[in-house]
(Lines give C-alpha, C1' and ligand atoms only; values in the text may rest on other atoms or scores of the structure.)
Protein backbone atom coordinates (compact mmCIF):
# COMPACT_ATOMS: atom_id res chain seq x y z
CA UNK A 1 0.00 0.00 0.00
CA UNK A 2 1.32 3.37 -0.94
CA UNK A 3 1.28 6.40 1.19
CA UNK A 4 1.70 4.62 4.52
CA UNK A 5 3.52 6.81 6.96
CA UNK A 6 4.28 6.25 10.59
CA UNK A 7 4.16 9.63 12.24
CA UNK A 8 4.67 8.40 15.76
CA UNK A 9 2.28 9.44 18.49
CA UNK A 10 -1.08 10.71 17.24
CA UNK A 11 -1.71 14.30 18.31
CA UNK A 12 -4.91 14.79 20.30
CA UNK A 13 -7.93 15.90 18.28
CA UNK A 14 -8.78 19.60 18.54
CA UNK A 15 -12.52 19.74 18.10
CA UNK A 16 -15.08 22.53 17.99
CA UNK A 17 -18.11 20.32 18.54
CA UNK A 18 -19.42 16.78 18.04
CA UNK A 19 -22.37 15.15 16.31
CA UNK A 20 -23.77 11.68 16.95
CA UNK A 21 -22.20 11.22 20.35
CA UNK A 22 -23.39 12.26 23.79
CA UNK A 23 -19.92 12.81 25.10
CA UNK A 24 -16.89 14.07 23.20
CA UNK A 25 -14.29 11.46 22.36
CA UNK A 26 -10.58 11.90 22.98
CA UNK A 27 -7.77 9.74 21.77
CA UNK A 28 -6.27 9.34 25.24
CA UNK A 29 -9.44 7.61 26.36
CA UNK A 30 -9.44 5.31 23.32
CA UNK A 31 -6.17 3.52 24.06
CA UNK A 32 -6.68 -0.18 23.54
CA UNK A 33 -8.89 0.38 20.52
CA UNK A 34 -7.97 0.95 16.91
CA UNK A 35 -9.13 4.46 15.98
CA UNK A 36 -10.02 5.15 12.35
CA UNK A 37 -10.47 8.78 11.36
CA UNK A 38 -12.27 9.57 8.11
CA UNK A 39 -11.53 13.22 7.34
CA UNK A 40 -14.01 14.76 4.91
CA UNK A 41 -15.78 17.87 3.76
CA UNK A 42 -19.52 17.67 3.19
CA UNK A 43 -19.28 19.17 -0.32
CA UNK A 44 -16.30 17.07 -1.46
CA UNK A 45 -17.63 14.68 -4.14
CA UNK A 46 -15.03 11.94 -3.58
CA UNK A 47 -15.93 12.02 0.12
CA UNK A 48 -19.64 11.72 -0.55
CA UNK A 49 -19.38 9.03 -3.22
CA UNK A 50 -16.51 6.95 -1.82
CA UNK A 51 -15.20 7.99 1.58
CA UNK A 52 -18.37 8.30 3.61
CA UNK A 53 -19.85 4.99 2.43
CA UNK A 54 -16.51 3.37 3.32
CA UNK A 55 -16.54 5.03 6.74
CA UNK A 56 -20.08 3.78 7.33
CA UNK A 57 -19.01 0.27 6.32
CA UNK A 58 -16.15 0.38 8.84
CA UNK A 59 -18.54 1.58 11.53
CA UNK A 60 -20.91 -1.29 10.75
CA UNK A 61 -18.36 -4.09 10.32
CA UNK A 62 -16.29 -3.78 13.45
CA UNK A 63 -17.16 -4.21 17.08
CA UNK A 64 -16.98 -0.83 18.73
CA UNK A 65 -14.93 -2.45 21.45
CA UNK A 66 -12.22 -3.06 18.88
CA UNK A 67 -12.48 -0.16 16.45
CA UNK A 68 -13.69 3.42 16.96
CA UNK A 69 -14.61 5.16 13.71
CA UNK A 70 -14.62 8.96 13.85
CA UNK A 71 -15.75 11.25 11.06
CA UNK A 72 -13.72 14.46 11.09
CA UNK A 73 -15.14 17.48 9.25
CA UNK A 74 -11.97 19.27 8.20
CA UNK A 75 -13.22 22.43 6.52
CA UNK A 76 -10.33 24.12 4.76
CA UNK A 77 -12.30 26.05 2.11
CA UNK A 78 -15.75 27.64 1.85
CA UNK A 79 -15.91 27.98 5.64
CA UNK A 80 -19.02 30.12 5.50
CA UNK A 81 -20.91 27.42 3.58
CA UNK A 82 -19.79 24.23 5.31
CA UNK A 83 -20.86 25.38 8.76
CA UNK A 84 -21.78 23.21 11.72
CA UNK A 85 -25.43 23.84 10.98
CA UNK A 86 -24.97 22.73 7.36
CA UNK A 87 -23.09 19.64 8.53
CA UNK A 88 -25.95 18.75 10.86
CA UNK A 89 -28.37 18.81 7.93
CA UNK A 90 -25.95 16.81 5.80
CA UNK A 91 -25.46 14.15 8.49
CA UNK A 92 -29.21 13.93 8.99
CA UNK A 93 -30.07 13.67 5.28
CA UNK A 94 -27.37 11.06 4.67
CA UNK A 95 -28.43 9.22 7.83
CA UNK A 96 -24.92 9.03 9.22
CA UNK A 97 -24.74 7.33 12.60
CA UNK A 98 -21.03 7.37 13.42
CA UNK A 99 -19.59 10.09 15.69
CA UNK A 100 -18.56 13.19 13.75
CA UNK A 101 -16.11 15.74 15.08
CA UNK A 102 -15.91 19.26 13.71
CA UNK A 103 -12.25 20.17 13.39
CA UNK A 104 -11.45 23.36 15.34
CA UNK A 105 -10.89 26.35 13.03
CA UNK A 106 -7.46 27.87 12.92
CA UNK A 107 -6.96 31.25 14.54
CA UNK A 108 -4.73 32.33 11.70
CA UNK A 109 -5.47 30.46 8.46
CA UNK A 110 -7.79 28.30 6.43
CA UNK A 111 -6.57 24.87 7.61
CA UNK A 112 -8.29 23.69 10.78
CA UNK A 113 -6.21 22.62 13.74
CA UNK A 114 -6.42 18.82 13.64
CA UNK A 115 -5.96 18.76 9.89
CA UNK A 116 -2.80 20.80 10.33
CA UNK A 117 -1.52 18.72 13.23
CA UNK A 118 -1.76 15.55 11.11
CA UNK A 119 -0.33 17.22 7.99
CA UNK A 120 -3.36 16.12 5.95
CA UNK A 121 -3.15 17.02 2.27
CA UNK A 122 -6.88 17.26 1.53
CA UNK A 123 -10.06 15.23 1.68
CA UNK A 124 -10.84 12.41 1.85
CA UNK A 125 -8.05 11.30 4.17
CA UNK A 126 -8.06 8.06 6.14
CA UNK A 127 -6.02 7.83 9.31
CA UNK A 128 -5.53 4.67 11.38
CA UNK A 129 -4.21 4.91 14.92
CA UNK A 130 -3.24 1.77 16.78
CA UNK A 131 -4.08 0.64 20.29
CA UNK A 132 -1.02 2.44 21.66
CA UNK A 133 -1.94 5.74 20.04
CA UNK A 134 0.55 5.53 17.17
CA UNK A 135 -0.40 6.74 13.68
CA UNK A 136 -0.10 3.77 11.32
CA UNK A 137 -1.82 5.05 8.19
CA UNK A 138 -2.33 8.59 6.93
CA UNK A 139 -3.69 8.34 3.40
CA UNK A 140 -5.02 11.11 1.17
CA UNK A 141 -7.31 9.83 -1.59
CA UNK A 142 -9.00 6.52 -2.18
CA UNK A 143 -8.18 3.09 -0.84
CA UNK A 144 -10.22 0.05 -1.77
CA UNK A 145 -12.45 -1.51 0.86
CA UNK A 146 -10.22 -4.60 0.76
CA UNK A 147 -7.12 -2.51 1.45
CA UNK A 148 -8.80 -0.77 4.36
CA UNK A 149 -10.18 -4.01 5.81
CA UNK A 150 -6.78 -5.64 5.49
CA UNK A 151 -5.00 -2.73 7.14
CA UNK A 152 -7.38 -2.50 10.09
CA UNK A 153 -7.43 -6.29 10.44
CA UNK A 154 -3.65 -6.38 10.74
CA UNK A 155 -3.64 -3.67 13.40
CA UNK A 156 -6.43 -5.31 15.40
CA UNK A 157 -4.53 -8.53 15.50
CA UNK A 158 -1.32 -7.03 16.82
CA UNK A 159 -2.66 -6.48 20.25
CA UNK B 1 -43.76 3.66 -16.89
CA UNK B 2 -45.59 4.70 -13.75
CA UNK B 3 -46.28 8.20 -12.66
CA UNK B 4 -46.67 9.70 -16.12
CA UNK B 5 -49.07 12.59 -15.96
CA UNK B 6 -50.05 15.05 -18.64
CA UNK B 7 -50.74 18.33 -16.92
CA UNK B 8 -51.31 20.38 -20.02
CA UNK B 9 -49.41 23.58 -20.59
CA UNK B 10 -46.22 23.90 -18.54
CA UNK B 11 -46.31 26.93 -16.27
CA UNK B 12 -43.44 29.36 -16.77
CA UNK B 13 -40.48 28.93 -14.43
CA UNK B 14 -40.29 31.41 -11.55
CA UNK B 15 -36.62 31.80 -10.86
CA UNK B 16 -34.57 33.72 -8.33
CA UNK B 17 -31.27 33.42 -10.17
CA UNK B 18 -29.33 31.24 -12.60
CA UNK B 19 -25.98 29.42 -12.60
CA UNK B 20 -24.07 28.18 -15.65
CA UNK B 21 -25.85 30.38 -18.17
CA UNK B 22 -25.17 33.90 -19.28
CA UNK B 23 -28.80 34.69 -19.93
CA UNK B 24 -31.82 33.36 -18.04
CA UNK B 25 -33.84 30.74 -19.85
CA UNK B 26 -37.59 30.82 -20.17
CA UNK B 27 -39.89 28.14 -21.45
CA UNK B 28 -41.60 30.42 -23.94
CA UNK B 29 -38.29 30.87 -25.73
CA UNK B 30 -37.63 27.13 -25.77
CA UNK B 31 -40.59 26.13 -27.92
CA UNK B 32 -39.41 23.67 -30.53
CA UNK B 33 -37.05 21.95 -28.09
CA UNK B 34 -37.73 19.23 -25.56
CA UNK B 35 -37.12 20.70 -22.11
CA UNK B 36 -36.03 18.36 -19.33
CA UNK B 37 -36.12 19.75 -15.80
CA UNK B 38 -34.22 17.92 -13.08
CA UNK B 39 -35.50 19.26 -9.77
CA UNK B 40 -33.11 18.64 -6.88
CA UNK B 41 -31.81 19.82 -3.56
CA UNK B 42 -28.06 19.89 -3.05
CA UNK B 43 -28.23 17.91 0.21
CA UNK B 44 -30.68 15.26 -1.04
CA UNK B 45 -28.71 11.98 -1.24
CA UNK B 46 -30.85 10.41 -3.99
CA UNK B 47 -30.32 13.55 -6.06
CA UNK B 48 -26.56 13.48 -5.58
CA UNK B 49 -26.11 9.76 -6.16
CA UNK B 50 -28.69 9.19 -8.90
CA UNK B 51 -30.47 12.28 -10.21
CA UNK B 52 -27.59 14.63 -10.88
CA UNK B 53 -25.47 12.05 -12.72
CA UNK B 54 -28.54 11.25 -14.81
CA UNK B 55 -29.12 14.93 -15.54
CA UNK B 56 -25.48 15.30 -16.58
CA UNK B 57 -25.84 12.28 -18.88
CA UNK B 58 -28.89 13.87 -20.54
CA UNK B 59 -26.99 17.13 -20.97
CA UNK B 60 -24.10 15.26 -22.61
CA UNK B 61 -26.10 12.86 -24.80
CA UNK B 62 -28.45 15.18 -26.59
CA UNK B 63 -27.84 18.00 -29.02
CA UNK B 64 -28.76 21.23 -27.29
CA UNK B 65 -30.73 22.13 -30.39
CA UNK B 66 -33.05 19.23 -29.58
CA UNK B 67 -33.07 19.01 -25.80
CA UNK B 68 -32.54 21.67 -23.13
CA UNK B 69 -31.66 20.25 -19.73
CA UNK B 70 -32.30 22.56 -16.77
CA UNK B 71 -31.36 21.84 -13.20
CA UNK B 72 -33.88 23.35 -10.81
CA UNK B 73 -32.86 23.87 -7.19
CA UNK B 74 -36.17 23.49 -5.40
CA UNK B 75 -35.35 24.19 -1.77
CA UNK B 76 -38.32 23.25 0.38
CA UNK B 77 -36.48 22.60 3.66
CA UNK B 78 -33.35 23.92 5.38
CA UNK B 79 -33.60 27.14 3.43
CA UNK B 80 -30.90 28.82 5.49
CA UNK B 81 -28.41 26.06 4.64
CA UNK B 82 -29.11 25.41 0.96
CA UNK B 83 -28.56 29.00 -0.07
CA UNK B 84 -27.55 30.30 -3.48
CA UNK B 85 -24.00 30.70 -2.21
CA UNK B 86 -23.95 27.08 -1.01
CA UNK B 87 -25.36 25.90 -4.33
CA UNK B 88 -22.61 27.75 -6.17
CA UNK B 89 -19.98 25.88 -4.17
CA UNK B 90 -21.81 22.60 -4.73
CA UNK B 91 -22.07 23.14 -8.49
CA UNK B 92 -18.40 24.05 -8.64
CA UNK B 93 -17.19 21.10 -6.56
CA UNK B 94 -19.34 18.63 -8.53
CA UNK B 95 -18.25 20.30 -11.79
CA UNK B 96 -21.79 20.68 -13.07
CA UNK B 97 -21.98 22.37 -16.44
CA UNK B 98 -25.70 22.41 -17.25
CA UNK B 99 -27.79 25.53 -16.53
CA UNK B 100 -29.15 25.59 -12.99
CA UNK B 101 -32.14 27.69 -11.95
CA UNK B 102 -32.82 28.59 -8.34
CA UNK B 103 -36.52 28.22 -7.72
CA UNK B 104 -38.04 31.46 -6.40
CA UNK B 105 -38.89 31.25 -2.69
CA UNK B 106 -42.52 31.43 -1.71
CA UNK B 107 -43.75 34.60 -0.02
CA UNK B 108 -45.85 32.57 2.36
CA UNK B 109 -44.54 29.03 2.84
CA UNK B 110 -41.70 26.55 2.51
CA UNK B 111 -42.41 25.32 -1.02
CA UNK B 112 -40.80 27.47 -3.72
CA UNK B 113 -42.93 28.86 -6.51
CA UNK B 114 -42.06 26.64 -9.47
CA UNK B 115 -42.16 23.51 -7.34
CA UNK B 116 -45.65 24.50 -6.23
CA UNK B 117 -46.80 25.38 -9.73
CA UNK B 118 -45.83 21.92 -10.98
CA UNK B 119 -47.23 20.13 -7.92
CA UNK B 120 -43.90 18.40 -7.32
CA UNK B 121 -43.91 15.94 -4.44
CA UNK B 122 -40.23 16.13 -3.48
CA UNK B 123 -36.75 15.64 -4.90
CA UNK B 124 -35.53 14.30 -7.21
CA UNK B 125 -38.29 15.04 -9.71
CA UNK B 126 -37.90 14.75 -13.48
CA UNK B 127 -40.15 16.81 -15.72
CA UNK B 128 -40.27 16.54 -19.51
CA UNK B 129 -41.94 19.29 -21.54
CA UNK B 130 -42.51 18.77 -25.24
CA UNK B 131 -41.82 21.10 -28.15
CA UNK B 132 -45.26 22.69 -27.79
CA UNK B 133 -44.75 23.44 -24.09
CA UNK B 134 -46.92 20.60 -22.78
CA UNK B 135 -45.87 18.69 -19.66
CA UNK B 136 -45.45 15.05 -20.67
CA UNK B 137 -43.69 13.56 -17.64
CA UNK B 138 -43.68 14.67 -14.01
CA UNK B 139 -41.99 11.94 -12.00
CA UNK B 140 -40.95 12.00 -8.34
CA UNK B 141 -38.24 9.45 -7.53
CA UNK B 142 -35.95 7.37 -9.69
CA UNK B 143 -36.31 6.32 -13.28
CA UNK B 144 -33.72 4.17 -14.98
CA UNK B 145 -31.50 5.76 -17.61
CA UNK B 146 -33.14 3.52 -20.21
CA UNK B 147 -36.61 4.74 -19.21
CA UNK B 148 -35.51 8.35 -19.41
CA UNK B 149 -33.74 7.90 -22.74
CA UNK B 150 -36.78 6.11 -24.15
CA UNK B 151 -39.17 8.80 -22.96
CA UNK B 152 -37.13 11.69 -24.32
CA UNK B 153 -36.48 9.80 -27.56
CA UNK B 154 -40.20 9.34 -28.13
CA UNK B 155 -40.90 13.03 -27.53
CA UNK B 156 -38.07 14.15 -29.82
CA UNK B 157 -39.40 12.05 -32.61
CA UNK B 158 -42.92 13.44 -32.45
CA UNK B 159 -42.02 16.75 -33.91
CA UNK C 1 -24.14 8.28 -31.51
CA UNK C 2 -21.23 6.73 -33.31
CA UNK C 3 -21.37 3.65 -35.39
CA UNK C 4 -24.91 4.12 -36.65
CA UNK C 5 -25.24 2.54 -40.05
CA UNK C 6 -28.31 2.10 -42.20
CA UNK C 7 -27.88 -1.11 -44.13
CA UNK C 8 -31.25 -1.11 -45.74
CA UNK C 9 -33.44 -4.17 -45.49
CA UNK C 10 -32.54 -6.51 -42.64
CA UNK C 11 -31.62 -9.96 -43.90
CA UNK C 12 -33.69 -12.78 -42.45
CA UNK C 13 -32.19 -14.58 -39.45
CA UNK C 14 -30.58 -17.94 -40.19
CA UNK C 15 -31.05 -19.92 -37.03
CA UNK C 16 -30.05 -23.40 -35.89
CA UNK C 17 -32.41 -23.55 -32.93
CA UNK C 18 -34.24 -21.39 -30.38
CA UNK C 19 -34.42 -21.15 -26.59
CA UNK C 20 -37.15 -19.48 -24.53
CA UNK C 21 -39.77 -19.47 -27.27
CA UNK C 22 -42.24 -22.14 -28.30
CA UNK C 23 -42.19 -21.14 -31.92
CA UNK C 24 -39.26 -19.78 -33.92
CA UNK C 25 -39.39 -16.08 -34.70
CA UNK C 26 -38.75 -14.64 -38.12
CA UNK C 27 -38.32 -11.04 -39.06
CA UNK C 28 -40.97 -11.13 -41.78
CA UNK C 29 -43.56 -11.93 -39.14
CA UNK C 30 -42.36 -9.09 -36.89
CA UNK C 31 -43.16 -6.21 -39.24
CA UNK C 32 -44.85 -3.49 -37.27
CA UNK C 33 -42.64 -4.05 -34.24
CA UNK C 34 -39.19 -2.71 -33.47
CA UNK C 35 -36.81 -5.68 -33.33
CA UNK C 36 -33.73 -5.43 -31.13
CA UNK C 37 -31.07 -8.09 -31.58
CA UNK C 38 -28.45 -8.51 -28.88
CA UNK C 39 -25.66 -10.61 -30.40
CA UNK C 40 -23.47 -12.26 -27.80
CA UNK C 41 -21.27 -15.18 -26.91
CA UNK C 42 -21.81 -16.85 -23.56
CA UNK C 43 -18.10 -16.63 -22.62
CA UNK C 44 -17.61 -13.01 -23.72
CA UNK C 45 -17.07 -10.97 -20.52
CA UNK C 46 -18.39 -7.67 -21.93
CA UNK C 47 -21.55 -9.52 -22.99
CA UNK C 48 -22.05 -11.07 -19.57
CA UNK C 49 -21.28 -7.93 -17.56
CA UNK C 50 -22.85 -5.29 -19.80
CA UNK C 51 -24.73 -6.57 -22.84
CA UNK C 52 -26.94 -9.25 -21.36
CA UNK C 53 -28.16 -7.11 -18.44
CA UNK C 54 -28.95 -4.38 -20.98
CA UNK C 55 -30.82 -6.86 -23.18
CA UNK C 56 -32.81 -8.04 -20.16
CA UNK C 57 -33.65 -4.42 -19.31
CA UNK C 58 -34.95 -3.85 -22.84
CA UNK C 59 -37.03 -7.01 -22.62
CA UNK C 60 -38.52 -5.83 -19.32
CA UNK C 61 -39.08 -2.17 -20.19
CA UNK C 62 -40.94 -2.39 -23.46
CA UNK C 63 -44.30 -3.83 -24.33
CA UNK C 64 -43.75 -6.89 -26.45
CA UNK C 65 -46.36 -5.52 -28.82
CA UNK C 66 -43.96 -2.67 -29.56
CA UNK C 67 -40.49 -4.14 -29.22
CA UNK C 68 -39.25 -7.71 -29.74
CA UNK C 69 -35.90 -8.40 -28.10
CA UNK C 70 -33.95 -11.34 -29.48
CA UNK C 71 -30.73 -12.71 -28.08
CA UNK C 72 -28.53 -14.07 -30.84
CA UNK C 73 -25.76 -16.49 -29.91
CA UNK C 74 -23.18 -15.77 -32.59
CA UNK C 75 -20.41 -18.26 -31.90
CA UNK C 76 -17.40 -17.34 -33.99
CA UNK C 77 -14.69 -18.95 -31.82
CA UNK C 78 -14.43 -21.93 -29.49
CA UNK C 79 -17.33 -23.61 -31.28
CA UNK C 80 -16.80 -26.90 -29.46
CA UNK C 81 -17.16 -25.19 -26.07
CA UNK C 82 -20.02 -22.76 -26.65
CA UNK C 83 -22.42 -25.44 -27.85
CA UNK C 84 -26.19 -25.34 -27.75
CA UNK C 85 -26.12 -27.54 -24.66
CA UNK C 86 -23.71 -25.14 -22.93
CA UNK C 87 -25.88 -22.19 -23.90
CA UNK C 88 -28.91 -23.90 -22.39
CA UNK C 89 -27.10 -24.22 -19.07
CA UNK C 90 -25.90 -20.61 -19.29
CA UNK C 91 -29.39 -19.28 -20.03
CA UNK C 92 -30.81 -21.31 -17.17
CA UNK C 93 -28.16 -20.28 -14.63
CA UNK C 94 -28.45 -16.59 -15.58
CA UNK C 95 -32.25 -16.90 -15.57
CA UNK C 96 -32.63 -15.34 -19.00
CA UNK C 97 -36.22 -15.15 -20.15
CA UNK C 98 -35.99 -13.46 -23.55
CA UNK C 99 -35.99 -15.55 -26.75
CA UNK C 100 -32.50 -16.67 -27.75
CA UNK C 101 -31.62 -17.75 -31.26
CA UNK C 102 -28.57 -19.85 -32.03
CA UNK C 103 -26.94 -18.45 -35.15
CA UNK C 104 -26.58 -21.12 -37.85
CA UNK C 105 -22.98 -22.28 -38.25
CA UNK C 106 -21.26 -21.55 -41.51
CA UNK C 107 -20.61 -24.41 -43.85
CA UNK C 108 -17.21 -23.05 -44.67
CA UNK C 109 -15.80 -20.85 -41.91
CA UNK C 110 -15.87 -19.73 -38.29
CA UNK C 111 -18.40 -16.90 -38.64
CA UNK C 112 -22.00 -18.06 -38.35
CA UNK C 113 -24.47 -17.16 -41.06
CA UNK C 114 -26.51 -14.34 -39.50
CA UNK C 115 -23.40 -12.71 -38.06
CA UNK C 116 -21.91 -12.70 -41.54
CA UNK C 117 -25.07 -11.44 -43.19
CA UNK C 118 -25.14 -8.42 -40.89
CA UNK C 119 -21.38 -7.81 -41.14
CA UNK C 120 -21.04 -7.91 -37.35
CA UNK C 121 -17.55 -7.17 -36.08
CA UNK C 122 -17.69 -9.11 -32.81
CA UNK C 123 -19.66 -9.36 -29.58
CA UNK C 124 -21.54 -7.68 -28.05
CA UNK C 125 -23.34 -6.16 -31.01
CA UNK C 126 -26.69 -4.40 -30.81
CA UNK C 127 -28.90 -4.23 -33.89
CA UNK C 128 -32.15 -2.28 -34.12
CA UNK C 129 -34.56 -2.99 -36.97
CA UNK C 130 -37.53 -0.72 -37.52
CA UNK C 131 -41.17 -1.57 -38.13
CA UNK C 132 -40.58 -1.75 -41.87
CA UNK C 133 -37.69 -4.18 -41.52
CA UNK C 134 -34.90 -1.67 -42.08
CA UNK C 135 -31.67 -1.88 -40.09
CA UNK C 136 -31.31 1.37 -38.17
CA UNK C 137 -28.49 0.58 -35.74
CA UNK C 138 -25.67 -1.95 -35.98
CA UNK C 139 -23.29 -1.25 -33.12
CA UNK C 140 -20.30 -3.30 -31.96
CA UNK C 141 -19.33 -2.59 -28.36
CA UNK C 142 -21.04 -0.77 -25.54
CA UNK C 143 -23.78 1.82 -25.65
CA UNK C 144 -25.15 3.37 -22.48
CA UNK C 145 -28.65 2.42 -21.37
CA UNK C 146 -29.72 6.01 -22.02
CA UNK C 147 -28.42 5.86 -25.60
CA UNK C 148 -30.21 2.59 -26.23
CA UNK C 149 -33.47 3.80 -24.68
CA UNK C 150 -33.28 7.00 -26.69
CA UNK C 151 -32.62 5.17 -29.93
CA UNK C 152 -35.43 2.66 -29.49
CA UNK C 153 -37.78 5.40 -28.30
CA UNK C 154 -37.18 7.40 -31.45
CA UNK C 155 -37.85 4.39 -33.67
CA UNK C 156 -41.02 3.44 -31.81
CA UNK C 157 -42.39 6.89 -32.25
CA UNK C 158 -41.86 7.04 -36.00
CA UNK C 159 -44.63 4.69 -36.80
CA UNK D 1 -19.04 -12.47 10.48
CA UNK D 2 -21.46 -15.29 10.03
CA UNK D 3 -20.65 -18.70 8.82
CA UNK D 4 -17.13 -18.84 10.27
CA UNK D 5 -16.22 -22.40 11.09
CA UNK D 6 -12.97 -23.81 12.32
CA UNK D 7 -12.67 -27.27 10.90
CA UNK D 8 -9.20 -27.93 12.14
CA UNK D 9 -6.55 -29.16 9.75
CA UNK D 10 -7.26 -28.39 6.09
CA UNK D 11 -7.46 -31.57 4.02
CA UNK D 12 -5.07 -31.70 1.09
CA UNK D 13 -6.48 -30.57 -2.25
CA UNK D 14 -7.42 -33.38 -4.65
CA UNK D 15 -6.88 -31.92 -8.07
CA UNK D 16 -7.36 -33.21 -11.60
CA UNK D 17 -5.26 -30.51 -13.28
CA UNK D 18 -4.04 -26.93 -12.94
CA UNK D 19 -4.23 -23.73 -14.98
CA UNK D 20 -2.00 -20.67 -14.64
CA UNK D 21 0.79 -22.41 -12.78
CA UNK D 22 3.76 -24.34 -14.04
CA UNK D 23 3.84 -26.66 -11.09
CA UNK D 24 0.90 -27.97 -9.09
CA UNK D 25 0.45 -26.43 -5.66
CA UNK D 26 -0.13 -28.43 -2.52
CA UNK D 27 -1.09 -27.18 0.87
CA UNK D 28 1.73 -28.96 2.63
CA UNK D 29 4.21 -26.87 0.66
CA UNK D 30 2.37 -23.65 1.48
CA UNK D 31 2.84 -23.72 5.24
CA UNK D 32 3.88 -20.28 6.41
CA UNK D 33 1.54 -18.57 3.95
CA UNK D 34 -2.12 -17.77 4.26
CA UNK D 35 -3.97 -19.78 1.60
CA UNK D 36 -7.22 -18.38 0.23
CA UNK D 37 -9.34 -20.73 -1.87
CA UNK D 38 -12.06 -19.26 -4.06
CA UNK D 39 -14.30 -22.15 -5.07
CA UNK D 40 -16.39 -21.42 -8.14
CA UNK D 41 -18.13 -22.77 -11.19
CA UNK D 42 -17.59 -20.98 -14.50
CA UNK D 43 -21.35 -20.73 -15.19
CA UNK D 44 -22.36 -19.60 -11.68
CA UNK D 45 -23.51 -15.96 -12.01
CA UNK D 46 -22.65 -14.94 -8.43
CA UNK D 47 -19.14 -16.32 -8.99
CA UNK D 48 -18.68 -14.41 -12.23
CA UNK D 49 -20.13 -11.13 -10.98
CA UNK D 50 -18.84 -11.11 -7.41
CA UNK D 51 -16.55 -13.96 -6.45
CA UNK D 52 -14.03 -13.96 -9.28
CA UNK D 53 -13.44 -10.17 -9.21
CA UNK D 54 -12.93 -10.50 -5.45
CA UNK D 55 -10.49 -13.37 -5.95
CA UNK D 56 -8.59 -11.30 -8.51
CA UNK D 57 -8.45 -8.38 -6.06
CA UNK D 58 -6.98 -10.66 -3.38
CA UNK D 59 -4.42 -11.96 -5.85
CA UNK D 60 -3.41 -8.39 -6.73
CA UNK D 61 -3.43 -6.87 -3.25
CA UNK D 62 -1.29 -9.29 -1.32
CA UNK D 63 2.32 -10.24 -1.66
CA UNK D 64 2.48 -13.81 -2.88
CA UNK D 65 5.00 -14.47 -0.13
CA UNK D 66 2.22 -13.81 2.37
CA UNK D 67 -0.96 -14.98 0.69
CA UNK D 68 -1.52 -17.66 -1.95
CA UNK D 69 -4.83 -17.31 -3.78
CA UNK D 70 -6.11 -20.47 -5.47
CA UNK D 71 -9.17 -20.66 -7.69
CA UNK D 72 -10.86 -24.04 -7.31
CA UNK D 73 -13.26 -25.14 -10.04
CA UNK D 74 -15.69 -27.31 -8.10
CA UNK D 75 -18.03 -28.67 -10.74
CA UNK D 76 -20.97 -30.34 -9.03
CA UNK D 77 -23.54 -29.98 -11.85
CA UNK D 78 -23.48 -29.91 -15.65
CA UNK D 79 -20.19 -31.81 -15.67
CA UNK D 80 -20.33 -32.36 -19.42
CA UNK D 81 -20.53 -28.58 -20.04
CA UNK D 82 -18.08 -27.18 -17.50
CA UNK D 83 -15.18 -29.26 -18.71
CA UNK D 84 -11.50 -28.50 -18.35
CA UNK D 85 -11.46 -27.32 -21.97
CA UNK D 86 -14.37 -24.95 -21.31
CA UNK D 87 -12.67 -23.65 -18.17
CA UNK D 88 -9.53 -22.92 -20.16
CA UNK D 89 -11.53 -20.77 -22.57
CA UNK D 90 -13.30 -19.06 -19.67
CA UNK D 91 -10.03 -18.28 -17.86
CA UNK D 92 -8.54 -16.93 -21.06
CA UNK D 93 -11.55 -14.76 -21.99
CA UNK D 94 -11.80 -13.34 -18.45
CA UNK D 95 -8.02 -12.87 -18.37
CA UNK D 96 -7.62 -14.64 -15.05
CA UNK D 97 -4.03 -14.84 -13.89
CA UNK D 98 -4.25 -16.61 -10.52
CA UNK D 99 -3.63 -20.36 -10.30
CA UNK D 100 -6.78 -22.40 -10.88
CA UNK D 101 -7.16 -25.97 -9.72
CA UNK D 102 -9.74 -28.31 -11.20
CA UNK D 103 -11.32 -30.26 -8.38
CA UNK D 104 -10.99 -34.02 -8.93
CA UNK D 105 -14.29 -35.63 -9.92
CA UNK D 106 -15.84 -38.10 -7.55
CA UNK D 107 -15.80 -41.77 -8.47
CA UNK D 108 -19.31 -42.19 -7.19
CA UNK D 109 -21.29 -38.94 -7.25
CA UNK D 110 -21.70 -35.40 -8.49
CA UNK D 111 -19.68 -33.62 -5.80
CA UNK D 112 -15.97 -33.43 -6.58
CA UNK D 113 -13.47 -34.67 -4.03
CA UNK D 114 -12.08 -31.43 -2.54
CA UNK D 115 -15.53 -29.87 -2.37
CA UNK D 116 -16.71 -32.89 -0.41
CA UNK D 117 -13.69 -32.96 1.86
CA UNK D 118 -14.34 -29.35 2.91
CA UNK D 119 -18.12 -29.84 3.19
CA UNK D 120 -18.74 -26.92 0.84
CA UNK D 121 -22.39 -26.09 0.34
CA UNK D 122 -22.18 -24.56 -3.15
CA UNK D 123 -20.47 -21.80 -5.09
CA UNK D 124 -19.06 -19.30 -4.52
CA UNK D 125 -17.30 -20.47 -1.36
CA UNK D 126 -14.34 -18.71 0.22
CA UNK D 127 -11.95 -20.69 2.38
CA UNK D 128 -9.07 -19.22 4.37
CA UNK D 129 -6.34 -21.49 5.71
CA UNK D 130 -3.78 -20.12 8.11
CA UNK D 131 0.00 -20.48 8.11
CA UNK D 132 -0.24 -23.67 10.15
CA UNK D 133 -2.70 -25.28 7.74
CA UNK D 134 -5.82 -24.76 9.84
CA UNK D 135 -9.13 -23.83 8.19
CA UNK D 136 -10.19 -20.48 9.60
CA UNK D 137 -13.02 -19.47 7.28
CA UNK D 138 -15.32 -21.59 5.16
CA UNK D 139 -18.03 -19.31 3.80
CA UNK D 140 -20.71 -20.08 1.22
CA UNK D 141 -22.08 -16.95 -0.46
CA UNK D 142 -20.95 -13.37 -0.54
CA UNK D 143 -18.68 -11.49 1.83
CA UNK D 144 -17.86 -7.84 1.29
CA UNK D 145 -14.36 -6.93 0.19
CA UNK D 146 -13.86 -5.19 3.53
CA UNK D 147 -14.82 -8.34 5.42
CA UNK D 148 -12.45 -10.44 3.36
CA UNK D 149 -9.59 -7.95 3.68
CA UNK D 150 -10.15 -7.74 7.40
CA UNK D 151 -10.22 -11.50 7.83
CA UNK D 152 -7.07 -12.12 5.82
CA UNK D 153 -5.33 -9.18 7.49
CA UNK D 154 -6.00 -10.64 10.93
CA UNK D 155 -4.65 -14.05 9.91
CA UNK D 156 -1.52 -12.58 8.30
CA UNK D 157 -0.73 -10.70 11.44
CA UNK D 158 -0.96 -13.69 13.73
CA UNK D 159 2.23 -15.19 12.58
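Chains: A, B, C and D, in written order; residue numbering restarts at 1 for each.
Basically, contacts are C-beta pairs under 8 Å (C-beta built on N, C-alpha and C of every residue); 3 or more make two chains touch, one makes a residue touch a chain.
Treat the numbers as computed from the prediction; the structure is a model and nothing was measured.
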Legend entry - Same-site or different-site touching of subunit C by its copy subunit D, using the half cut: same
Inset, instruction - Select, from B-C and A-B, the pair of chains that is joined by more C-beta pairs in contact. - result: B-C
Inset, instruction - Would you mind pulling out the distance in Å between where the CA atoms of subunit A average out and where those of subunit B do? - result: 35
Inset, instruction - Can you tell me which residues of subunit A touch two or more of the remaining chains? - result: none
Inset, instruction - Assign the assembly's chain-to-chain touch graph to one of these shapes: line, ring, star, complete, other. - result: ring
Legend entry - Touching residues on subunit A, where the partner in the complex is subunit D: 54, 57-58, 61-62, 144-158
Legend entry - Residues of subunit A touching subunit B in the complex: 43-45, 48-49, 78, 80-83, 85-86, 89-90, 93-95
